[in-house]
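Note that the chains are named A, B, C, D, E and F in the order they appear, and that numbering of residues resets to 1 at the start of each chain.
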């Protein structure tokens, strides 16, 4: 059984993330969406909320599980027996960043692969930062988040 | 069973290609190395030689098969039942090219994924063009091609 | 009255080109779509066909006129009294190319501006090259060209 | 009448900004230089000073007006009836950023265009950050700011 | 006698830095490794420790001297009579940054050159940030820092 | 004595090339401007003319010598005892190309360095291709080539 991890801060989980997760779910037997806890960065949503939003967005994807994790990605891969980390890439800048990250991870531990999936063009500008900006100025979130996530956010 | 295609002109198949194929072979159940026949471009090696070099390089990788193919990649994916095309990416320029290619392929047929694997840093400058340049000036090919491929080339 | 030129080889004129022309038509009083005749490059379509495809695609845009032109863009701008050249940009590579081109044009003649319009994300992978590839493999052109252009091409 | 906005933090307004504004003033009937108030970021100059420096730099450009504004750019465009936002771009990195920004703005409201103007090469390294660095180390500001702005800064 | 400066924050000095310094030492008669004191940024190591780590790493390179410095690089060049600043570049993003920096420095003072040395591929992902990340998660530093630097860090 | 090579096709030698050579002449004791003969590519000027244009442009730079050479750059470096190859870089795309080239050269022979010098901003769009385009359309060459080269070209 091939397992992969889709890591991120997911603050919050967007339709762009969902597209990556769905495609990962088609390529791997098991997908962990890992909300990485980075103690230096406090976000818009707390980790329980981020987890809930990701879970609501991924509902129905049977081989996908949302977890929170801290520490290094390489250690998480070992712990979960993952053979790959999957990341979406939107443009050259994303790629430069991810290629470097992949090489750094490979320096520490060569036992897993980094798999980059090109973002769909119509989702290529979506990011959690953009969603938080939309929220700050009270713009609608439709088309940026899963409808169920939009509903959930509206009541918390 | 998950199948992928690693397409290219492979004129010739380098250690950089081999690294991508090995990693694809760890992620997928079956890997087709597809030497794409592009009628407008004649190369250094003919297609039979390219196939032989790729086969010699991939010997021992049990789930890897070298084929030649023409036409569009999307049609090849359908014909082989492949769920993904795997490409190595060495830098931002490679990524820009591959992201565009993935979007074009997705425009024609959304039934397969493009999977990008960051090249190992020490192989990041290797290319078939570079190998042909080395050959032109009679430089040694060690470290650029598989030793068995080097031996084969020396006798053709 | 402000006039601009949207130059290109338009072999053929795509929905990506149309989007740029429409937006230019909203910013300028008069838009010339200029099919630049580059004698070294023969294309898929001859210049009369390219003009016809562009005209059919732009029908209904009242301030848009399709012309063919040769020579340097700077000379064409002078001849038409254009204050700007408008180009669509899809990614960083396009921009690098266009910024350089703008600086070269400015070296010869500073009397007009280069205006870059970011491509809509869902059109960002479209190009004439891609359309010619679709044609070569007899794939449908819908979504890449204007429906009237598709109809026209099917009968020539 | 066509109106555009040149937005920025302008902390302070440089000769690079002035070049973009002058060129926008040649393309549009009315240009608003909009000093965007971002509450999270305090700068070197307060907003009244930034406005004064921009006004002194743009003196003589009759169709240019300097304003301060907060909120989202899309809302400002609506409020001012602007058909375009104009930004200078210096290199591929600027373009990647602005193309994304344009797509995000287009997601919220498609009623205005983003227009990118390539920076003149001899101004391509100028930025407000660089000017603040020059000030910190008491280097002359000539060639980076308008002479009247230099004079104004020397007495505040 | 030709003198150059290799500036940086060196927090800490890595094998990537060492490679750049060694190559600079082959091109210039005298190399200053300048630990630039940036008062706004406190680091992992204090300046005395950074200097010690750099000195231990460069031991045996006879024409290399490690110094700490503050202020602008252009002033340091003048003070030391340096004809060049040497920087390693790992990818397009590094280059964009350094080309801009070179142009800014040239704006202030044209009396010295910026010399960019492409990083060795196998060191191209190494950075001080990465080393600090390795330390945070208690991963081995071998292959990232000079062995003597690793030993020194283990006892402070 | 430190020697470097500034290689290129120099078809023709521009003011951008001259700026790189002048700066190389300030950093090295001896500079060879090497017109690389690439048999597959015929140019606008023949090799004797290219050499003459480069020589006229570099007249007065006492430590600069113009040569023609064929074969691999690494072999030329060995033959001339050069410790470095010097290239001008204008933007991220140039850098990506040169970093790759440097790594390929380093694969064959690690005995020399690649030194990249950022182009002056006001020369950053100049290229031999652009000059040939100017010639084709009979535009003045002033500001693109050395005045003596302009005079020479006008009479051949």
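Everything that follows uses one rule, which is that a residue touches a chain if its C-beta (ideal position, glycine included) is under 8 Å from a C-beta of that chain, and two chains touch if they have at least 3 such contacts.
What you see is a predicted model; the values in this text were computed from it and never measured.
Among the remaining chains, the Cα-based centre furthest from that of chain F is the centre of A.
For B-C, the matching interface among the pairs B-F, B-E or A-B, defined by over half of the contact pairs being the same residue numbers, is B-F.
Each chain gets a centre from the mean of its Cα atoms; for chain A and chain F, those two points are 47 Å apart.
Chain A and chain D, compared by their mean Cα positions, are separated by 35 Å.
Centre-to-centre separation between chain A and chain C, using Cα means, comes to 38 Å.
Multi-chain contact residues of chain C, defined as those touching 2 or more other chains: 91-93, 96, 103, 121, 124-125. Each chain pair that touches appears in this list: A-B, A-C, A-D, A-E, B-C, B-E, B-F, C-D, C-F, D-E, D-F, E-F.
For chain E in complex with chain F, the touching residues are 2, 23, 26-27, 83-84, 89-96, 98-99, 102-103, 106, 113-121. Residues of chain D touching chain E in their complex: 91-93, 124-125, 130, 133-134, 137, 139, 143-144. Chain C makes touch with chain A in their complex at residues 91-93, 121-125. Residue ranges on chain C touching chain F, taken from their complex, read 71-72, 75, 92-93, 96, 100, 103-104, 107-108.
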